[in-house]
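Each of the next two complexes has chain A plus one more chain, namely chain B in the first and chain C in the second.
Showing the complex of A and B:
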């Protein structure tokens, strides 16, 4: 019933867990917001489409993108993108994997999500040289964050020069 | 064509098939799902030039000469029943890059008796080389190779 609350655990039970803390009594709602990028709904739609691909979508025996990989990709994007990051492109691999890509005039970034916490990254920018830099990533995406930040700087410089 | 070597799970083991000659060609189907926009052009994503992520995974191809021996038109074969674009590679070029080109007929769910695999190191430099060697076989409208 609206206006009433229920407690699944007694106060005594809660106090036995040191990591549990009380919320201020006057806080009525805690909202988890959608990330603020204007491209976020398009990315969610794209991932929904990719996890619903038919088996054999590639003309051979490819599987659709796995829900776990799509979910992990969203978490990665949520973590590494700032409000100004341009929209990534997402392409499916043939074994349930996927690739997140950015391509600008100066910078290319590709994140091949093979499985959650198993990502092959390639960054090619003025900082890396023409061959680019290949990385194996698990849960630390700091190099990608730096590359995205540099990519944005280059985009701003280009816009200023134009 | 001699049957390919298989492991205990009946999966084809990566191999360089002796009946696939250097003069032969392989066709790699390209789905429009793997097209990206790059510097104002639509191009094939690098992920199309990678091996599948499963066990013994290679890059799927159709063996053109094997299709032709059976009197089938390869362009019809690779676009039926699902229309899809494709590029073609010379086997000699792949072997020069230390790739193995093998035979891996698919029995189900989408049978393909002309199916082959390309196995090897799909590192970035090799993906770029594959991209530069690829020639359209069945082009996708408004998509460039590079």
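Showing the complex of A and C:
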């Protein structure tokens, strides 16, 4: 508990009454994992890997993903994903940044986490048209929630039609 | 700085701890070895030091209702501890880690130290932020603190007169006395908006329990957390002032008239 709270004194006083990889440059567009899969441990491992990359991991001067950016990305995922959301791909940038991506036959969603509260989003779906839609996001990700929800609907429609 | 006239006030509020804090982007080049220098900045008033586990980064984001919080803890290999710089009487505390600065005040167990009031704590915290900013800018390539999150917490420990006393005598949100609950544990969150856009949350956590003397209490914690409009100290202090007003007004609404009389509401 100590590591999670900013109170310093009161926690010691109350007693509970009861119980109480980067991907290669020409990365393949892979169909995302099946919905409902518990992918959080994989995301954890992926983010840990990315923040522990060596400097120059791309053969040039790339930095590892920053701890703050990885932490913020995790918080964003918690904010936008339901239990049925397919696993995203997490792709490192070269300046400590990273991208969270979903790619399906109908929808592409990319969230470029440049810094905490500084995210560039790109959504391309039947709703946005082929040009897609660019968004600058800070702390409100409701548009991404909607896009993910629509992406899921399309996946279900595709599965039903197959 | 003066107290807003319309803010509810109590002669003897059940306040046991107040925390003012900010989270910022660590300056490039800063490493844990420099934490000794940071302690030197505050050592005159905070002569004792203690190492504790670091706080993980905290962000208020908005989308789906909070349906899950991951237990994931990211590790970078080497990590920075959190340091407590304690005043001689241990009633005040500065918490420092590479991306956080917080100031805590607490009431002593015997209640002998009156609450110095927010108007006196905030200038201290402002001074500490400016000192830290000056240290970072003098020693690292950092112009000003880039603050991405502010938080303010008030901890109230409400002493019950006996274990059989209904909770709703003190707390208005628990108007369910007929159910004769043995204990309560309630968390509520309110979205804070600015120009129709969310920027933070007011979190209220209410638990029944016992204090160290095994006296029955209700532990009521109100926290305002979110991003300031701009990332500088000035806007962060403004966020904290507005947060204080929200917390005090919410506390007044949550607690009952019976409780207000006990605490000497003015």
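We adopt the following convention: the second predicted complex is superposed on the first by the 125 of 162 C-alpha atoms of A that agree within 3 Å, B and C clash if a C-alpha of one lies under 4 Å from a C-alpha of the other, contacts with A are read in each partner's own complex, and residues count from 1 in each chain.
Operating definition for what follows: a residue touches a chain if its C-beta (ideal position, glycine included) is under 8 Å from a C-beta of that chain, and two chains touch if they have at least 3 such contacts.
No experiment lies behind these values; they were computed from the predicted model shown.
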item: More chain A residues in contact - chain B or chain C; value: C
item: Touched partner set for A:74, first chain B, second chain C, both or neither; value: second
item: Chain B versus chain C as contact partner of A:131, first or second or both or neither; value: first
item: Touching partner for A:94 - first (chain B), second (chain C), both, neither; value: first
item: First, second, both or neither for A:110, with chain B first and chain C second; value: first
item: Touching partner for A:144 - first (chain B), second (chain C), both, neither; value: second
item: Touching partner for A:61 - first (chain B), second (chain C), both, neither; value: first
item: Chain B and chain C contact sites that coincide on chain A, given as residue numbers; value: 115
item: Touching residues on chain B, where the partner in the complex is chain A; value: 29, 31, 33-39, 45-47, 50, 52-54, 57, 60, 78, 82, 84, 86, 106, 109-110, 112, 115, 123-125
item: Contacting residues of chain A [partner chain B, same complex]; value: 50, 53, 55-62, 89, 91-97, 99, 101, 103-105, 108, 110, 112, 114-115, 122, 131-132, 134
item: Contact set on chain C toward chain A in their complex; value: 16-17, 19, 21, 25-26, 52-57, 59-64, 66-70, 72, 74-77, 84, 93, 95, 99, 102, 104, 106, 148, 151, 153, 155, 157, 182-183, 185, 197-199, 207-212, 214, 216-217, 219, 221, 226-227
item: Complex contact set, residues of chain A against chain C; value: 2-10, 13-18, 20, 40, 43-44, 47-48, 51-52, 67-68, 70-72, 74-76, 78-82, 115-117, 138-142, 144-145
